[in-house]
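The next part holds the structures, each set out as C-alpha cells.
What follows is chain A paired twice: with chain B in the first complex and chain C in the second.
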Partner chain A sequence: MKFRFRLPSVKVTVGLAVLIVFTFVAFFGASLAPFDPSARSNDILQSPSAKHLFGTTHLGQDIFSQILVGTRSVMFVGFAAGILATVIAVIIGVTSGYLTGFGGEAVATLSNVFIVIPALPLIVIVTNVIPNSGDWAIAVVIGCTSWAWGARLLRAQTLSLRNRDFVQAAKAGGESTWRIVAVEILPNLTAIIASSFIGTVMFAVMTEIALAYVGVSGISEWNWGEVLFWAQGQQALAIGAWWWFVPAGLCIALLGTALALVNFGIDEIVNPRLRGGSKAVIRYPDGRKARMRLGFTPVLTPRTEEAGRGGR
Partner chain B sequence: MRYFARRLGFYAFTLWAAITINFFIPRLIPGNAVDSLIEQRRGEVDSKAVESLNILFGLDKHQSLPSQYWHYLVQLSHGDLGISFGNFPEPVTTVLSSALPWTLGLIGTTTILSFLIGTLLGVFAGWKRGTWVDGLLPATSFLSSIPYFWLGLIAVAWLAGPLGLPTSGGYTVGNIPGWNIAGDILQHMILPALTIIVTSIGGWLLSMRNMMVTVTAEDYITVAHAKGLSGARVMTKYAARNALLPSVSGFGMALGLVVGGTFLVEQVFSLPGVGLQLINAISGHDYPLIQGIFLVVTIAVLAANFLADLAYMVLDPRTRKEG
Partner chain C sequence: MSPVLEIKGLSIDYGTGEQSVRAVNQVDLTLNRGEVLGLAGESGSGKSTLAYGATRLLPPPGVVTGGSVLYHPDNGEPVDLLRMTPAELRAFRWKELSIVFQGAMNSLNPVATVAAQLTDVIAEHRPKSTKTERMVRAAEMLSLVGIARDRLESYPHQLSGGMRQRVMIAMALVLEPRVVIMDEPTTALDVVMQRQIMRQLAKLKEQLGFSVIFITHDLSLLVEFSDRIAIMYGGRIVEEAPAVELYDKSLHPYSDGLLHSFPALRGPRRELTGIPGSPPDLRDMPVGCAFQPRCPKAFDPCGVSPPPLVRPASDRTRSVACYLHPSA
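Moving on to the complex of A and B:
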C-alpha cells in the first residue's frame, strides 16, 4: 500500500500542535512553573491575577503551577498505558486473526470478555490491591485492562487481509509465518494501530483523572485529577472559586479534542470515503453543470427542453 | 438460532470469568486488611457472617485453592455476598438492592436517549456530508472529551440555581410517597441525565456519521436513487438501516465504559446509586461491597448486551438465516 504524501488537514494540524504543546509542558512544566505546586502561601483563595494566573487554593498554592507540573503525570500515564495496551492489542489481535482454528477463537473470546467487563470498577479494585500505586502502577493497570477494543479491530482487519492475494502469494513463495506477519500484514494495519493507540491514550487519561478525582490509593504526584479532587473536597464551586476547577477540566477537554482531531485524520487514511474536499460543481462537456454531492454518484437528469419537446 | 446459542454461551463464559476474577483479586490483597476489619467488629458479627467473609476473601488458609473456589461458588449461588463494613451490619445484597434501581434507571434512560439522539443526528450528518454540518464535528468531539463528573459539577454550580433545579439526593428527603414522588424524582434526575447525555452523544453521532458516509457510496444506494425513490426514503430505509448495524453491536459493548462515567456523576449529584456506594466503599475500605458491586455491575452489563443482541437479530436478517 502506498501513501501519497498529502499535507495534513487543518484538523490534524491543530490537533498535533496542541499535542506538541502539552508534550512540551510535560517535559519542562516543572521548571516553567512559577511556584512550587505544593508550597503554601498567604495568598489564600485568590482569583486569577498576573501573579497567580489561575488563582490559588485554600492553602495558597498556585493552581497554574499545579496544572503545569501535573501535565507530566497525565501525559505519562496516557502514553505509557497507550503503548502497553497497543502492544498487547497487536499481539493478541494479529495472532487471533492470523491463526486459524481453536487458538484464534479462544484468544478472540478472551478479548471480547475484556471488552464487556466494565473497566473502571475493575481498575478501581486492582489499584486498591496495589499498595502505594504510583504513576507506573496506574499506567500498567490501565494498559492491561484496555487493550481489548484495539485487539478486536485488529483481528477483524487481519482476518480480511489473511486471504488477500498478496498474502497468499507470500505463502506460496515459502515465506515464514513471522515474515508474512511482519512484512505483509503489519504495514497494512498501521493506521488502525495508530487510531486504537490514540483511543487508548484518551481512555487512559480519562481513567487516571477519574481515579485521582475519586481519591483511589496514594497518588502522590500532582495531576489534573488531583487538582479537581482538592477543589471538590473544599467545595470550590460552592464558595465561588471557579478558577480552581475550570482550568483542569478545560485542559482535559483540550487534550481529548486534540487526540480526537488527530484520529479524524487517521480515520480518513483508513477509510478514504471519509475524505472530503473534491469539487462540488462539475461541468459536463455540453456546458451543463451538475452539483456533486460528496459520496454519491451524480445522476444527470435529461435536458429539460428535450423532455419538453416530447420526442417519444 | 445458532447465533443466539453462541451469544448465550459467550455470556455464560464471561460471567464465569468475572466471578473468577472476583475470586482471585481479594486473595492478592496484601496483609490481612479484611481480617483486621473483621477483628474490629468481632463482638458484633455473628459467626455465620464471619464464615461467609472468610470464604469470600480466602482467609481460611487451611483449605486448598480448588476447595476455596468451590465453597466460593456455592456461596455465590445462594446469593450471599457477605456483609458490608461501611453499612454495618447490612448484607451487601441489601445495600445493592436499594442502590441498583437508581443506577439502572439513570444509565438505562440516558444511554438509550443519547444513543437515539446521537444516531439520529449522525444519520443527518452523514447524509449532509460535505456541507456546513462537517464543521460541527470537532465541536462534538470537544463535548465528548469533557469528563462527565466535571460537567456535572459545572451544572450544579451554574445551571441548578437559575433553573431552580435540585442538585442532589435523587429525591427530596422526607417526601410523602405518592404521585408527587415520581415528579420529584424526575426533577432530581434532569441535571444528572443531561450531563451524561451531553457528553456521550458525540461518540454515537460520530460512529453513525462515519458508517453513513461509508454506506452511501454502496451500489444499492445508487440503485435506489436511480429508481427515483425519494431522498428521505433512501436515507432511512436504505442507508440508515444498514449503517445502524455496527452501532447496535457497539451499544452493549460501550455500556461497560458508560458505567464508569455514570458512577462519578452519581457522586457529584450524591445520587444514592451503585456508583456512590462504590466510591464510598473505596474510601471506607469496604472490600465486600466493592467486590459485590463489581459482580453485580458486570451481570447488569451482560444482560444489557444480551438485549442489544436481540435487537441486532431483529435488524439483521443474516443472523437469523441458519434457522
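Moving on to the complex of A and C:
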C-alpha cells in the first residue's frame, strides 16, 4: 500500500497561514514598527504613503506602527482568555455532565447563571474596579466570563457519553473516576473542545476590541480597538480619513476569518463526511468531467465503446 | 426464459485516476423473468457494489467505468440504465426496479408513520392518485406482507425488527416493479424470522411475478430460495449455476469453500473446512486468478492471467471461471 501524505485542505492552510503571520507580528511587531506608535509628528492626518503605509492620525502618529504594536495585545488577550475559558469550560462542563446528583446539578446551574449574565457590561464594571487593568487582567476577566457556552456544550456531550457502553464497561471494571474521565471521555470531546476554544478566542478578541473601542481598557497600551477608539473620537469617517479605521477593521475581519477557517478544518477532521464534499466534480484523464451526485452514479465509459467491453 | 435485466461487461471503480480501485471487473449477469438470482460472496467481494453500481445508486466516490445494464420492459425496446438522464432514472426507479436496502429496518424515518412512508412513493410516481387510493394501496401491501392493517398509523419504533423489514419489503413492492434487488434483507433477523420472511417473499413472487436479485453472504439461504446462484470473488463472478447444481457439485474451488463453511442438515456428513486466508486487497490484486493465493487446487496457469468465465465442457448449463474446468 502506498502511503500518501494528506495535505490539510486549502481552507485550513489559508487559516493557519494568516494565524501564523499574526502570531509573528504579535511577537516582533514592536521591533518591526517604523515609528513609536504614540510619538507625535508634523505629518498630521496624511493618507497612506511610502513613509506612512497606513497614513497618520490627527496627532501625526503612524497608524501602521499602531496596528503592528497593537497586534500583540489582541493576540495575547484572545489566546490567553481562550485558554482560560476552555480550561474552565472543560472542568465545569465535564464534571457537571459526569457527576450525578446534587453536585452535578449545582455546577450545571452555575454555568446556566453565567450564560444569562450579560458579559460585556460585567467586564466593563470589573475592569473599572481592577486598578491597573493591563492585558493580563483583561484576559482573566474575559476568560472568567466567557466559558459558560462551552461548558454547556461539553456537559451535553458528556451526558450522552456517560451512558455509552464503553464508559459503563470501564466503570464496571473498577476504573477510577479520574481515569474514566481522562481516558474514556475526554478524547471523545477533543473536537468540541478545539472548536469551542477557537470560538472563545474569537469572542475574546472581539470583546477586547469592543472594550478598547468604548474606552475601557488601559489607554496607555495600543491595540486595534484603541485605534478605532481614536478614529471614532476624532470623527475619522466624517473627515474622510478612511485609512484610520479601515486597516484595523480589516485586521479584525482577517483574524476572525482565519480562526473560522481553522474551525472548519477541525470539523473536517472530526466529521469525514465533510471532506469528500470538495470533490463534487471529477475529471478524467481525457478531459471529460462528471458530477458526483448521490443517487446518480456517474458513468464514464471509455470512448471506444468496444474496447471497454472485452471480457470473453 | 427471457431476460429482464441484463448486465454486460460492467466495471465499477472507487475513485478516479491513480488512486482508483476496481471493485467490480467486467461482470456479465442476466436476470430472467420470474427468477430469483442469488448473488453470494464474502464481504468486500463486490456484490453490493455491483447491485448499486448497476442501478446507479453508488455514492461518491463510486464511478461506473464501463459496460451496460439493459432493462427489458414487458413490451418495448430494452433501455440502458447507464444512459438514462436523472429524470428518467427517477421515474424508472421503484416503478420498474426497486431495492430493499441493507439494514433496511433502520432506513425507515422514525418520525413518520408507516402509512406516510408507504404512500409517499405512490404520490411521487402517480401524482393523480387520490389520498384514499393511496391509503387503500398501502393497507393492501401491508396485509400482503403479513402485517395487520391497523398498523398503518404506527411509527417504526412501535414495530418489531421483523415487521419493519416487512414494511420495507412492502414499500419495495408497492408499485409492482418487475425487478426487486434485495441487499442482505434478512441479515439482522433471527433465523425463524428469516425463514418467515423468505417464505413470504417466495409467495409474493408467485402472486406478483417479479424477479429478484438476492444479495447475501449466507449461501445456505440462497441454496434454498433461489433459482440460480452467482458467486462473486474479488470483483468478478467466478461461478454461476442453478442453485441445486451448485450445491450438489460446485466447480470453482471458492464456491466449494463457501459451501463447506456451513453444515448440511441432511445427507452424508461433510467436513467443515472454511476458506483459509482473507479476501484480496483490491488495491493490490494478485496476478492471475484472484483466488489463487488461497486456492487449495492452484496450479501453473492460475498465476498467469485471470481465467475467463466460460461454460465448462462437462456441463453446458452453467459457467465457471477456473482453469480446472476449461470450455473445450
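FYI, the second predicted complex is superposed on the first by the 259 of 312 C-alpha atoms of A that agree within 3 Å, B and C clash if a C-alpha of one lies under 4 Å from a C-alpha of the other, contacts with A are read in each partner's own complex, and residues count from 1 in each chain.
As a working rule, contacts are C-beta pairs under 8 Å (C-beta built on N, C-alpha and C of every residue); 3 or more make two chains touch, one makes a residue touch a chain.
Source: prediction; values computed, not measured.
Q: For A:Phe245, is the partner it touches chain B (first), chain C (second), both, or none of the two (neither)?
A: In the superposition, A:Phe245 contacts chain B only.
Q: When the two structures are overlaid on chain A, which partner does A:Ala172 contact: first (chain B), second (chain C), both, or neither?
A: neither
Q: Using the touch criterion from the header, give the chain among chain B and chain C with more contacted residues in chain A.
A: Larger number of chain A residues touched: B.
Q: What is the contact status of A:Ala260 with respect to chain B (first) and chain C (second): first, second, both, or neither?
A: first
Q: Could you list which residues of chain A make contact with chain B in one structure and with chain C in the other?
A: 276, 293-297, 299
Q: Using the touch definition from the top, list the residues of chain B that touch chain A in their complex.
A: 10, 13-14, 17-18, 21, 25, 28-30, 129-130, 134, 137-138, 141-142, 144-147, 149-151, 153-154, 156-157, 210, 213-214, 216-217, 221-222, 225-226, 252-253, 255-257, 259-261, 263-264, 267, 278-279, 282-283, 290-291, 293-294, 297-298, 301-302, 305
Q: Can you list the residues on chain A that touch chain B in the complex?
A: Touch list, chain A to chain B: 11, 109, 112-113, 115-122, 124-126, 128-129, 131, 149, 202-203, 206-207, 209-210, 213-216, 228, 232, 237-238, 242, 245-246, 248-249, 252-257, 259-261, 264, 267, 271, 273-274, 276, 280, 293-297, 299.
Q: Residues of chain A touching chain C in their complex?
A: 1, 4, 276, 279, 282-285, 290, 292-302, 308-312
Q: Where on chain C does chain A make contact in their complex?
A: 8-9, 11, 16-17, 19, 26, 28, 52-53, 56-67, 82-83, 86, 89, 281, 283-284, 308-310
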